[in-house]
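In what follows, chain A forms one complex with chain B and a second complex with chain C.
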Partner chain A sequence: MKNRIYFCPAGVEWVKNTDGILVINRNQSQSYLLMGLESAVWSWMSLSYTYPRLVGMLSELEGISRQEAGQKLKRLLEAWRVIDILEVRETSHG
Partner chain B sequence: MISDIFAVPIIDKYLIYAPLHNLASLVDQRGAISLRKAILEADYQPPAPVEPLLAILRSPGRAAPQPRTGPIKNPYFLGLIPTRACNLSCLYCDFAGNRQPGSRMGLKTAKEAIEAYFQLARQSDLQWVEVHFFGGEPFFAENVVHFAVAYAELRAQELGLRVRFEATSNGIYRADRCRWIANNFDTIVLSLDGPEDIQERQRPANSRRKTAQTVIRNAKIFSEGPVELVIRSCVTEATVNRLPEIASWIAGEFIPSTVCFEALTPSILSKEAGLHPPDPWDFARNFTLASEILEKAGIETALSTVVLHNLRTSFCPVGQDALIISPDGAIDACYLMQADWKRAGLDMRLGWLKDGKFQIDSEAVGRVRKNSVYEKQLCTACLCRYHCAGGCHINHSIARSGGAYDSLCLQTRLVTMASLLKRLGQESLMHAWLDDRHALETSAWQPTDLLIAWKTL
Partner chain C sequence: MANLVISARCNMACPYCFASEYLDGQSGNIPGHASPYIDLETFEDRLDFLDRSNIDEIRLIGGEPSLHPRFPEIIQRAVKRGKRILIFTHGLLTESALTSLEVLPPERVTVLVNMNASRSGDEPSQKEETHRRKTLLRLGGRVQLGFTIFQPDFELDFLIPLMVETGCQKSVRLGIAQPSLNGRNRYLHPKQYISVGRRLADWAERAGRLGIWMGFDCGFVRCMFSESDLERLNKAGAGIAYRCNPILDIDLKDKALHCFPLGDKFQTDLKLTLTAGELRAILEDKAKPYRRAGIYKECTICSYKQNGECMGGCLAAAIRRFQLAKININI
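Here is the complex of A and B:
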């Protein structure tokens, strides 16, 4: 069985402000302002919630099914991975 | 309004206080007699020094504060109780933790409460909304808080509202959790009774593990973060004479905006644990000394019954239309337990959160709003009436006639008088008075503070 661990690469930092979460990627001299749903998910990830709990909270937040929430979360994480503010590592358990 | 002009003897002077006229003054006996006579007798010509005071007192002044009326349009705040459970077993706390191990608010309830509150705010054209978290210990059900904050921020952005978050907390969590709170909350009211020996004695964990170091570390994290830190210290008979020491310690270790020293409210548990409320005379003197220490560090000192910067008819959110949601969706005006109100012969239930909407009973709103200082005979002739407003509706019995002051009244009266003297720049007199028990008793025990009610001076 494989587990996925999501983490920020070195050089990625973030700060909360009144508009949302400002994520700074020092490696690429880029910054991103996460607002609304993105800000919520980033905030929960920073608190180390497990993937199933994130799906549950997102489902309630958006008023959508767990399946839809799962797909939405997957797309969001992939988008963050593409712009290098999130990395994924797979570990084996079993 | 001559029924709102108060006078209190302070050694050989008289403190004149008229909150509706925003006036505090110190006069000698002749001045007080002249003032009283001039107020009661229209044709009396007072001595020249009294005339400026008289002119102010004869002006219309501010209208006396009144309880709210009509439907709830502008709630004081939305209160969420994520859980009644707590991870501490504070020796004096009998209102929640140990008696309520179970229920936890569902995410759906939190979401619906926020949504209903924000819709009400929109209908009332409010720009600012406030969400306060109470417990038990609210972060003992941390996922509810994490979810509620995210949902409130999301919806506030969508609806064009500005949202403030506040929580009352025991400070028992990991450092990373604490940093999240520091970055996401506007105000945190942290219960920290004093240095390690006091904290461990009065606020042990359920597991009996030591907790003071965790709370102290977290108070430092809050001090370094953007959140406003308010430290709330419960003062007992055993700690009252250590207030200056506690103040010095806090000023040296942390950066709070305010330190709130509150006397222990006695309970069955506190008595069993050998904890007793402080002597009110010692409390007033040490509170004042502590406040001077904190002031030098730029920290405000507060006592909940002595709020001089505004006039109020109710001590607490009760009557100000706060909507406090329990885990089961009940909407109450008070965050204390239903059993506690019932014991006091009160009903603080306003309604229920049902199908995503507030279902509020307008009769219940009217009933709760009636708990105002105007219904409290004890307070009629007390100079603190618009600041203390009779204290906690549940825990402070006011079924007494005017002048029958209890410890809470005495400490409130003394701290109010000391604060007014300080505002007048009369620190020397204030200290001489605080050191003179006979003078303190003369000031505090007078049955009426109303200037016109005095038979003789």
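Here is the complex of A and C:
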């Protein structure tokens, strides 16, 4: 079984503003504004919450099942990977 | 425009100095550089650079520029190239430095004297004040006074009699002490800006009645002034600006810096083929993603920032609000 670990590459910085969270990839001179749900999830992830806990909180916040919340979270992580504010590596898990 | 570092050394210990971290001004040591002073050959290269960039004004900074052992010769070389000279100094000038400047007509040189530079790191001593006063008397209208605000209860009244007695320009250039990226220097916290704004308006009103002009350096923000404060500043004819568009700093190691507070973060090589404008564009591009933020979390929704009236304060102070992302999630 394989695990996917999402992590921030070097050079990613962020700040919380009134309108949301501004995330910067310094190496690519790009900035992204995360608002609403995205902003909440980024904040939780920055607090080192585990994946099951994130799914639970997202499920509560959105009023959706854990399964739907899990899918939503994975879509979000993939979207952030595509814009290079996250990277992913796969590890084998025994 | 471009500021040229000609001396990394400084013999003051201003608590708010944001250049000392980059230059190690007390020792004058620069890693990878033999001397804390620019050599004359390199200085000629810098003059070529200014010519190539169509810049008529040479702006000498440090450290303390007047500590350069060949300061008079540097001034002479700049004059020979037809440059107008602007010097940023603590004002405790040696006799040879004073002599080299007082022979120049006032329209060819401005000596911007930082009036609250001190060796003790606190208030200037009596001896320092006396020395500075002598500089003002000798250089008269060539001098513009400068003051760096690093605490909310600052006092500017002492500048007024000095202007009257010494014949220096009746204008003050005010700067807000900004943090270096690690924040080791003393600086004015954005939470203190509003009380500073009120104090400035009070002073501008008094000074304005005496024909004294007050101008703002970079880092001021629109929201530090109430409408009535702003009205008083305008009435006094103050040079109000809410900008953060620092002038290129060229250091002794052939690096062009965005500014001293951000020197380690945004710098580029001083390539001989590029002009100051092109170097500035490279550095602005590096800093661009951060420009969306300001010194307050509210800056991103502020109409003054959105319409370009205010840039959201010093970029170094804004960048200090950022944190490195440390996300690691195992699915």
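We adopt the following convention: the second predicted complex is superposed on the first by the 93 of 94 C-alpha atoms of A that agree within 3 Å, B and C clash if a C-alpha of one lies under 4 Å from a C-alpha of the other, contacts with A are read in each partner's own complex, and residues count from 1 in each chain.
Please note the rule applied: a contact is a pair of C-beta atoms (placed from the backbone, for glycine too) under 8 Å apart; a residue touches a chain by one contact, two chains touch by 3 or more.
Remember, it's a predicted structure, so these values are computed and weren't measured experimentally.
After superposition on chain A, the partners chain B and chain C are seen to fit next to each other with no clash. In the superposition on chain A, contact of A:Ser29 is made with chain C only, not with chain B. By the touch criterion defined above, A:Glu60 reaches chain B but does not reach chain C.
Contacts of A:Ser46 after superposition on the shared chain: both chain B and chain C are touched. Looking at the shared chain after the overlay, A:Asn3 reaches chain C, while chain B stays out of its contact range. When chain A is checked against chain B and against chain C, the one touching more of its residues turns out to be C.
In the superposed model, chain B and chain C sit 70 degrees apart as seen from the Cα centre of chain A, a figure rounded to the nearest 10. Contacts of A:Leu37 after superposition on the shared chain: chain B is touched, whereas chain C is not. Once the two complexes are laid over each other on the shared chain, residue contacts for A:Val82 go to neither chain B nor chain C. Legend: residue contacts after superposition of the two complexes on their common chain; A:Lys16 is shown touching both chain B and chain C. Between chain B and chain C in the chain A overlay, the least Cα distance found is 8 Å. Comparing which residues of chain A touch chain B with which touch chain C, the overlap comprises 15-16, 46, 48. Chain B meets chain A in the complex at residues 107-108, 111, 143, 146-147, 149-151, 153-154, 157-158, 176-177, 180, 183-184.
Residue ranges of chain A in contact with chain B, taken from their complex: 15-16, 35-37, 39-40, 43-44, 46-49, 53, 56-57, 60-61. Residue ranges on chain A touching chain C, taken from their complex, read 3-8, 12-20, 22-26, 29-31, 33, 42, 45-46, 48, 50-51, 54, 74, 77, 85-86. The touching residues of chain C, when paired with chain A in their complex, are 285-286, 288-290, 292-293, 297-301, 321-331.
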